[in-house]
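Next come two complexes built around chain A: one with chain B, the other with chain C.
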Partner chain A sequence: MTSRPSHIGANVARVEDDRLLSGGARFVADVSLPGMLEAAFYRSPLPHALIEAVDTDEALQVSGVAGAFTAEDMTDVSPFPDFDQRARPVAIFPLARDKVRYVGAPIAVVVAPDRYEAEDARDLLTVDLEPLDPVVSVDEALAADAPLLFGEWPDNIVIEAPVANPEAMAEFEGRVTVSGRYEVGRHAGVPMETRGVAAEYRDGRLTVWTSTQFPHIARTMLSYCLPLDETDIRVIAPDVGGGFGVKAEFYPEEVTIPWLAMRLGRPVRWIEDRREHLIAACHARDLVLDLEAAVDGDGRFRAVRGMAIQDLGSAEMYPYGFSPAFTAVGHITGPYRIPHQSVGVIAVATNKTPCGAYRGFGIPEAAFAMERLMDKAADHLGIDRRQIRRRNLIGPDDLPYTTSAGAIVDSGSHREAFEETVRLTSERLDRWRARLADDPHVRLGSGVVNYIEGVTPTYYFTSGHWTSFDSCTIRMNPDGTALVSVGVSTSGQGLESMLTSLAAEALGVRRDQVRVVMGDTDRTPYGLGSWGSRSTNVASGALREASSLLLEKATRIAAHLMEASPDDIEVYGGRFNVRGSPGMSVTWQQVATTANIRTIDLPEDVKPGLEAAATYDPPGIEHNPDQYGRLNSSATYTNASHGAVVSVDVGTGKVRVLDYIVGHDCGTVINPQIVRGQVVGGIAQGIGGALLEKLHYDEWGNPLSTSFLDYHLPTTTEIPNMVVRHFESPAPAMPWGAKGAGEAGIIGPAPAIAAAIEEALSDLGVAEITRTPITAPDVLSLVFSGGGQEHPG
Partner chain B sequence: MKPVPEPTRRLPLSMTVNGRPIELMVDARKLLADVLREDLGLTGTHIGCEQGVCGACTVLVDGRPVRSCIMLGVQADGCDVTTVEGITPREGLNPMQQAFKDHHGLQCGFCTPGFLMTLAGVTPQEFPDEESIRELLSGNLCRCTGYEGIVVAVMAAWGRDR
Partner chain C sequence: MGWRGDERGRKCGSRVRNPDDVSVKPPPFKYARPESLDEVLRILSEYNGEARVLAGGQSLIPLLNFRLARPQVLVDIALVRELRQLEVERGVLRVGAAVTQNTVERSSDVARLCPLLTKALPFVGHVQNRVRGTVVGSIAHADPAAEMPAVALALQATMVARSAAGVRKIPADQFFLGPFTTALKPDEMLVEVRFPTSRKTRAAVTEVAPRSGDFAVAGVAGKLVTTRAGKARDVALALFGVGGSPQRLHDVEARLAGQRITGDLLDQVAALASHNARADSEDVHADAGYRAHVSGVLVRRAVEEMTR
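Right, the complex of A and B next:
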């Protein structure tokens, strides 16, 4: 290796920040066009019903109302294709046809000059619904006499993929077994910016602004659903106010609003309100992992078997809501040497908001289950909870290690990160013990957990259609500045800044000579967007390839201008320098001006122009599992250890996270501040999911969490300061050795906090914590009963 | 019997916004946030919940932080309103904005104007330490940062030791 490149590993200022800080950013709600109308949706008030009739007459009498529409009007619209042959077809249609399957399902839409008037008219619609018995839980859905959500199916199972791996089963003979049923509750990404879509149809072309994480996929989906060629559709993701997976779904409204713009010949906008967001944007988690492990007497795990049971809600979500369950199975053994697994998946439709993606995507669920099971095994065998992990963790000599799920862990600092996290967690716990020794109500405890996260995964497993590549085009302007356009798309992570640094690095120019363009299908090459902690890997791979093509051509031009050999040219400091001839150089500007303007100075065999395009498909990713569900789903794997120190008030049940410690390894760190921000932000969301956040339903399927007053996001007072230690185990096959960092933080908090609460209450003989969120009433019932975690409602 | 009069649909609104006097007719029911964003084009004020909880829409009314999503525009009649555009210098950033930038106090930036306006409407001396600053900011939700960068930025801008 040569010395470390200058832009990598440096805390450089983000290029996005000035516009975001000054009010100069442009979110979809800020898109305003002459004559623009606003839409309001009529959403189902019932969880399960037949649509008998929709009467729009009265609504249409309201002055200014431009139209009121139902599915019957959308005769030129096709349903979303059902790509995945393993799953039963759902045929999502932009407005509900015949039937609604969750409270919040869009039935009709009204368009008026502004949102106030649109809602007035919307409230004048007469919608006749025939209620059907709702199905609100997996057990209800699987009952023999269950009402069917999809009448053409024999039951409510969307997908069932049982696994019976004889090698795993054999391990259970004669061994100690430990089992548990671990449930991660229904919560969601809840970005501060809700969803929103604006559309204009003009001159035969449709332009759609949407708050999405994947504009190119959105465009392709639009071309499947609307009677338009893909080249006549332009999708723009402007500044996106947080995504977290919620905006890596393609939604019915993303078809309806463009369709309205075409139908009415006027621009139309819809900005989701928060109530809509909490019932109609995707929910997530709601996954049960029912597991059993075969364990040797010394605590070594030999095999794990069981089922992932997913409550999908209505299943009307694309990409598929069941994919996190498969991802959970793919990560079930975490960073532990557990030779065999046999874990299947069943995903079931219920009359609740459909589940989809949320940061972590099944891995938080897997980590919660495995780490809880490991704690249980330790307690059962009388082994210290830290010690049992040491006996199972993969070490440097094991690498590369193929997990029982088929994941090829190429690198990592699994043991080192764990030991450092254990050390720091103990230190912090001791400090708090000294500080809070006199408080009789407060008990202290700590928990340390481990996980690996597959980053840059296949999308085939999630979409049944797209795979894994991405792309980059670099155009050198005559003045030596670079326009870098990529298929990934930012929602606040700092991708513009990261790619600016990498482009400057690769081209040997200053950062202020680079402009990164993303989120516009007319201005960027095809790509799959940003999700799955993929952007750093795929965009940097494509960028490095495009830079290399560009440099090869530029070097030949530079050599010709200086009458030197291309082999003697070195690029640094924004110049092409001749090796061994100090002072002999030309600038990027001279080279780019020659290529684009003064082409008479080009070498004879070099064509004009200075632009390069490249794609990158990360090596090693498998797209289809084997018969036991195994595959190497991801380009590389990060690792981390999390330690939580908590106080539990035995009088009120209040849990405070006092300190949070992370040993985090995402390979080469490109910008430490941005990586830390991703880790810390993810942990905050994880703490929310562990202690506060739940999307409640009543027994009839009515959503109860429809505002921020009853869906509790963590605030400044619930999130502690964090200790983050970076370890750097470069990914051998990835550009610059980097691994994605977007999702890691959210995976550890639930099991770490659960373990810490148990430790804090250990002298009370409380039962195992098996469910999240762990709310204050849950903790109190643990305290009072000395066992049994009861969830009210 | 006297007929019930039709409610007044539109009302005159006269206020000062970011130092400029403004006169306009608005729908009586229109929220201040919508007046600022749509009638005046000041889109730096963001609407995150329309329930007065998340704080993204915070602006200053007569110097005090207010949730512009639960205040009618006409209620600001005669008031002095300041938005994020009004605290931004013509060139560059103000010291608090700069501190947010320096300490990674923002990611997607959607909630950021609300935090900045909450901070712009208080007397820093009343918030001497991290605990009081966290308490001050507990009415503004951020989903990206985990608040760390925001708290660090405020501590730095106000010269507090960490």
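Right, the complex of A and C next:
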């Protein structure tokens, strides 16, 4: 290893930004191949219906149309395997067979020379659908006479995992209890780039470009569904314009488009439009946490019990849409010393777009519920909302701390980050009070919340199949530059920069000597992709191991070239230096040239070539829960405290977030500006989920948020100034002590903003906020509940 | 918006064929870009209702892409010079159909003589929209949640409609018939809107929208003159976003006229505005009750602002 660390913690510019910001990036929509056709999907206009017949004759008569297909044509395609034995099998098929279960389900596909023609021809399809009664809520789905989404099931329950932990139950005897039902609304990641797939079948090999977060998993899934060996499939995730979990799902279109390319013998592309995205890419959240806590008189929580109840939509999503509910349960006690829990999960199918992953993955829901419950307990017991947290937060002496969910919190700055966030939040609130003293319409308030986030988690719990490792190969070119290829992939979050710095650090080369390769199954070793705030940790673990193998060999070559002992060699600044002999050194280029070209100069016992491969499986992760649902799902745990300062217009209910403060600890900070970017972006999305974003349905199961006119993402005008303070509690078991930072920002805004709104209205004695998004009409109702409305009333 | 059943469980059109909303890219259309108004009107006459005028396209292009509008021909007026006038003539501000919102927003003459327009325009979308969007186009489109129709109504603007057959002047209070529906005939085009001007008038726009630049959930466009004695006259208040069309609040205006503005009076007019608001817009963002309530709050704030 190098003895002179220089890249860790350096605020260096992102290497990918020149490409991404100057139009040099290549997205799926930029893939253009000779003779390429475009596809348009016919999607179900009904939430629940039997497919009686699809007549393609008229569409096929349009000149140029290359084909129109339905599930019946895909006789050589297998449905997605159902890996998880705990859940009922869904058997997702690329185009709907027999039945549709949500508006947006793909029924047929039309292929033509361009998208306009494809859509014109698609409009000529005649699809006979026999409507069935829709089921649009959990309550409807669980009703005794509910229509069944899957006829072979006895009910609409996809998975049910109740927990009855007697130790938790015992805590409720004789104690104060507080309870609540906390609901995080249905919203989604909505990346700037929608999904897209292009495919070419040539010379017996299939190449698929897809906007995905996990190219290797996509390749394996393709091999399960199509009659092809895995070696005959190459999946490329080119530049991906945001993922946020939406693209950590394997979608029907990712099978259909490659199948079309094989069937037609021509390249085929499909680029999702925004309307499709809002009804056919995965939705998320839509989770209710029904909780009760047993609390001592001084505010110390002793146990929490209840259920996570998830509306899964049609459940036709893989990896499983119910996994966030389990992750919520795994994070329910947050960074608090709550000795026992007994929280189960039930997830039901309804006639809405299937739920899947979204940044945060259950943890925002858990934090919303626990922080709301903590505020409620504080109010009930007459304890200050900050003080009750102090009494429950785990401190340095508690670490490592095993939570009641089984998570082993390895390190952290839970109290320190909280106190700093409290201090800064009060300061900002005072400043705003002075600034807005003359505004008669608004009241101000603040809220501070805490959470932990399991990062680098098991995937077995989510996929029922894959586990947790990843991999790295490093090839030293003869000129001393390094090609670093990894199984994780990027969607713009700065991973290339992170791995460039870490490779430079590990190999003792300059950053400009490193090229990172990702997102191509032919050019990278097998890996599970980027999700779960894992990429930096798993890739860098493998990278460190591969570097160490490579350095061992390179050091022997360098020592031989200088006639020195390998023990006296140290590597930095792109050179191998002999300790104690200033000026005596060889460059990486000399070593690599020797290894690859002038092999006559190699030591006798060293073979040519300079390449190393390694895998890394993060230590300590458990893949299966115990009987009470407990497991250590993640390799390490990031912590943070969030403070929001808001104004509430008591005449209109309009909420503005004025300031946002974060005390954030993801262990060793490798690049401060990249961490800040992750946190700030996550907060922006969190504010969207807290105040604006909801995928609405009417009582018939029709989606009502099908464009950006009605699905409101936050814009710059809704995002406040943010203060991000980094704390660094290195993860003892992680390479470089780093912890994931990809999801932390999104977890805090909903509970922090809810608490701030309540504080702003506290003198009115308003009701509790229990669900998101918190819209202006909701807030006005709260004001009315306290009798404090502005005239008229 | 997807398929809607009339009644739960009832079989509804078991043969579903090409619902308009399933598509997103525009259906085929012809495109014309004439250089004279006469030619525009000739095309409108020839296609009689199957042609649509394209000005800034900020509403029409999305409608085309959703295939909710299926005109046979788009008539782009970008090259028609005679529709670009923005001038004050004999106390009237004349805004031609091709004048962008941004041009009007930045005009110092408009700010001085027709301040309600200047105050309302920053609420219309974002600056990117206003650089292309037109004042007249927004009025002709008659989105119930848009600011421009309410401004036209509050100012009692005159709509100048033309067709190959001739000119028709329509007062604002006879122009807006319902959501996206106006008194224009299929072969007519709104070529100009004439706003009365005044150096004494004060103006205010107050609205609630989920985000800056969104269509309003509820809003008020108002104007008022305060006499030397401190009394209100020439009051006009128009709500938007609340019902299917912009609506004048005549009773509220009458209550204010000739009065000195006091806190008590503001309380009364706010209550009256909430009561009289015809709030029949309901969507995922707000129900009718919310819209009616905040109408009163917003009227109160608009009047306060104009008399402060």
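One rule holds in what follows: the second predicted complex is superposed on the first by the 782 of 793 C-alpha atoms of A that agree within 3 Å, B and C clash if a C-alpha of one lies under 4 Å from a C-alpha of the other, contacts with A are read in each partner's own complex, and residues count from 1 in each chain.
Criterion: contacts are C-beta pairs under 8 Å (C-beta built on N, C-alpha and C of every residue); 3 or more make two chains touch, one makes a residue touch a chain.
For clarity, every value in this text was computed on a predicted model and none was experimentally measured.
> After superposition on the shared chain, which partner residues are touched by A:Tyr116: those of chain B (first), chain C (second), both, or neither?
In the superposition, A:Tyr116 touches chain B and chain C alike.
> So, A:Ser707: does it touch chain B (first), chain C (second), both, or neither?
A:Ser707: touches chain B and chain C.
> Which partner does A:Arg43 contact after superposing on A: first (chain B), second (chain C), both, neither?
Touch status of A:Arg43: second partner only.
> Pick one for A:Glu16: touches chain B only (first), chain C only (second), both, or neither.
In the superposed model, A:Glu16 contacts chain B only, not chain C.
> Where does A:Ser63 make contact in the superposed view: on chain B (first), on chain C (second), on both, or on neither?
Neither chain B nor chain C is touched by A:Ser63.
> Does chain B (first) or chain C (second) touch A:Asp273, or do both, or does neither?
Touch partners of A:Asp273: chain B and chain C.
> What is the contact status of A:Asp30 with respect to chain B (first) and chain C (second): first, second, both, or neither?
Touch partner of A:Asp30: chain B, not chain C.
> Would you check which partner chain A:Thr717 touches, where first means chain B only, second means chain C only, and both and neither mean what they say?
The answer is both, since A:Thr717 touches chain B and chain C.
> Determine where on chain A the residues touched by chain B overlap those touched by chain C, and list them.
116, 273-274, 707, 709, 715, 717
> How about chain B: which of its residues touch chain A in the complex?
Residue positions touching the partner: 27, 29-30, 37-38, 42-51, 53-54, 56, 83-85, 88, 93, 97, 100-102, 104, 106-113, 116, 134-135, 137-151.
> For chain A, which residues are in contact with chain B within the complex?
13-14, 16-27, 29-30, 32, 114, 116, 189-194, 239-242, 244, 271, 273-274, 491-494, 673-674, 676-677, 680-685, 707-709, 713, 715-717, 719, 721-722, 745
> What part of chain A is in contact with chain C in the complex they form?
Within the complex, chain A touches chain C at residues 42-43, 45-46, 52, 103, 115-116, 119-120, 122-131, 133, 273-276, 441, 651-654, 692, 694, 696, 698-700, 702-707, 709-710, 712, 714-715, 717-718, 775-777, 780, 789-793.
> Looking at the complex, which residues from chain C come into contact with chain A?
1-5, 8-9, 11-12, 14-19, 21-28, 62, 66, 208, 210-215, 217, 266-267, 270-271, 273-275, 283-287, 290, 293-294, 296-298, 300-301
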